[in-house]
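Note that the chains take the letters A, B, C, D, E, F, G, H, I, J, K and L in the order they are written out, and that residue 1 is the start of every chain.
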């Protein structure tokens, strides 16, 4: 299957957990929007995640520092 | 199905809930504009959501901090 | 139906209601320009809306703060 | 009908009425340049309008604040 | 007729009349350069006009404030 | 005849006459370079003109203020 | 197999280990999101890794300094 | 003959004559480089000229002020 | 085999060894991620390396100064 | 022969002679690199020259002021 | 063989030798990474080298000053 | 033979000789890297040279001032 520029050029965000038990949910692209993956982060762990053919939204539960192309955001204590 | 650059390159916005019970509504693209998905956020939870083939508008109810390509906006107390 | 870059890459604007009862009207693209959708916002609610195949103009009634690629604008008291 | 990037990527301008009875006229693209639509704005109402397949000029009567990609302009008292 | 990016992406200029009786002339693109449309503006009226398939030059008679991509220009008293 | 991006995307310049009787000459693109159009401007009149399929050079006689993408230039007294 | 621009133009991130035993996990692109590779770094070692046809997310465990296109981030002690 | 983006998008330069009798020579593109056009400018006259299918070099004799994309240059007295 | 823009336009990084015995490992692109090349640098030697069809990750062992498009990074003593 | 964007979009440089007898040599593109044209400039004359299908290098003998996209350079006395 | 934009648009770096006997090694693109060319520079000599179809990495031995798109780097004494 | 954008859009560098007898060597693109052209410059002479289908590296012997897209560099005395 040929690789196109689309498949690997999705925007990404950077998430650093500020506490144990942070959960990152990937929500499905398409008619139905539901969780298709969740990832647990402990304090200090970092996740770098792209939007993909399967993921069009990301939900974060727990205290994090977040870097995006629109700037950074941090969960307050 | 080949992946094109269009499908994953939609703009995204970043929404941080400043209180419990924030609701994010995704509105359908197309002739009819109606809710096709809603997502509840509790205080401190973050949602990163793209415009997609199915979503051309997003409505937010509840106090949030919002990051977009046109700058940030924050709901007053 | 293949997704092209056009369909999801429309510009968007961000509208925050500064009072109850703000109304956002979407006007049709095409030979006739008429309302095809209206959305009510209460104070503090936020709408993020793209131009689409069906919407080429947006009219806002009521006090709002607006973010666009040409800068921000705010309705006076 | 497939959607191309052209149809929804027209430039837009932002118009805020500074008095009641502001009128926005859309003029036809093509050999003949005539009014094909007019929109009334009362004080504080905002119009966000794209150039489209049907509109290649916009005329504004009444006091407004205008945002465009070339900067802002404001009608004097 | 399919809409291409060309048709609606012409550059535009913004003209604000500083006195009554300002006239804006659109000149034809093509072998012959002649007036094909004129528009009268009274004091305070604003015209936002694109270059189109039919218009490759614009002539302005009367005192105006003009915004273009090369900057602004204003007619002296 | 389909409209391409080329036809309407030519660069433009802005010319403001600083005295009566300014003449703007459009010179032909192609093997022969000759005048194909001239336009008279009186003091305060403004001309906004694109390079086109037919015009690859512009000559100005008389005192003017000129805006171009390389900056502005003004005829001295 | 011809090489396209997509295959080698994936974004990359830079990770410097600040302690021994840092682990970098590559997560699979596609319907299932699971680990397909892990890499151990000792203190001072650096990893420069692209998103690829096979990797759409990266998870980091251990103290690191991270450089991305959205800025830098550092794990606190 | 269809118009392509190439034909009208050539770079242009702006030349203002600082004395009478300035001569602008257009040199031919192609195997032979020779004069194919010359234009006389008197003091204060301005020439705005594109590179074209036929012109790949421009020679200026006489005192001028010149605006180009690499900046401005002025002939000394 | 025709050369495409992809093949030679891969991003590159610059690595300067700050001590003898620095090792640079190139890791394979594709389903398996393993070492396919290693390069030894002595103090002061510089390596400038692209991502390629075969290399999607680079690992560095030893003290270096590194220049990337996300900025510079230096191994501490 | 249709005109492509390539033919007229070559980069150009601006050369002002600071003394009489400046010579500008155009060197051939291709397997052999030899002079195919030379142009004499007297003091104050200006040459604006593109790289073309036939010219891939330019040599200048004599004192000049030179403007390029990499900045300006001036021959010392 | 037609020339494509790829072949001549490879990034280049600039290397100035700060001592005699600097060696620049070009390493092969492809499955095997080995030296295919080396170039000796004496003090003050400069090499400007592109990445090509054949070269995807460059190794430098000896004291140099190096200019790249990520900034400059200099070998210490 | 049609001219493509590739052939004339190669990057160029600017070299000013600071002494007599500066030599500029053009090295061949391709499997073999060898000298295919050399050019002698005397003090004050300037060479503006593109990378081409035939030249992928340039070597300079003698004292020069060099302008490139990565900045300027000057040979010390």
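By our rule, a residue touches a chain if its C-beta (ideal position, glycine included) is under 8 Å from a C-beta of that chain, and two chains touch if they have at least 3 such contacts.
Because the structure is a prediction, the values reported are computed rather than measured.
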{"item": "Distance in touch steps, counted as few as possible, from chain A out to chain F", "value": "5"}
{"item": "Other chains in touch with both chain B and chain I", "value": "none"}
{"item": "Copy pair chain B, chain C: interface residue numbering same or different (half cut)", "value": "different"}
{"item": "Rotation in the CA alignment of chain I with chain K, degrees, nearest 5", "value": "30"}
{"item": "Rounded Å distance, chain A centre to chain I centre (Cα mean)", "value": "27"}
{"item": "Distance between the centres, which are taken as Cα means, of chain H and chain D, whole angstrom", "value": "39"}
{"item": "Mean-CA-position distance for chain E and chain D (Å)", "value": "14"}
{"item": "For chain C paired with chain L, centre-to-centre distance based on mean C-alpha positions, whole Å", "value": "55"}
{"item": "Residues within chain A bordering two or more other chains", "value": "4-7, 9-10, 13, 52-53, 68-69"}
{"item": "Category of the chain touch graph - line, ring, star, complete, other", "value": "ring"}
{"item": "Cyclic chain order - from chain G, heading first toward chain I", "value": "G, I, K, L, J, H, F, E, D, C, B, A"}
{"item": "Contacting residues of chain A [partner chain B, same complex]", "value": "4-7, 9-11, 13, 27, 29-31, 33, 51-53, 56-64, 66, 68-71, 73, 75-76"}
{"item": "Chain H-touching residues of chain J, taken from the complex the two chains share", "value": "2-10, 12-14, 16, 26, 36-37, 39, 41-42, 44-50, 52-54, 65, 67-69, 72"}
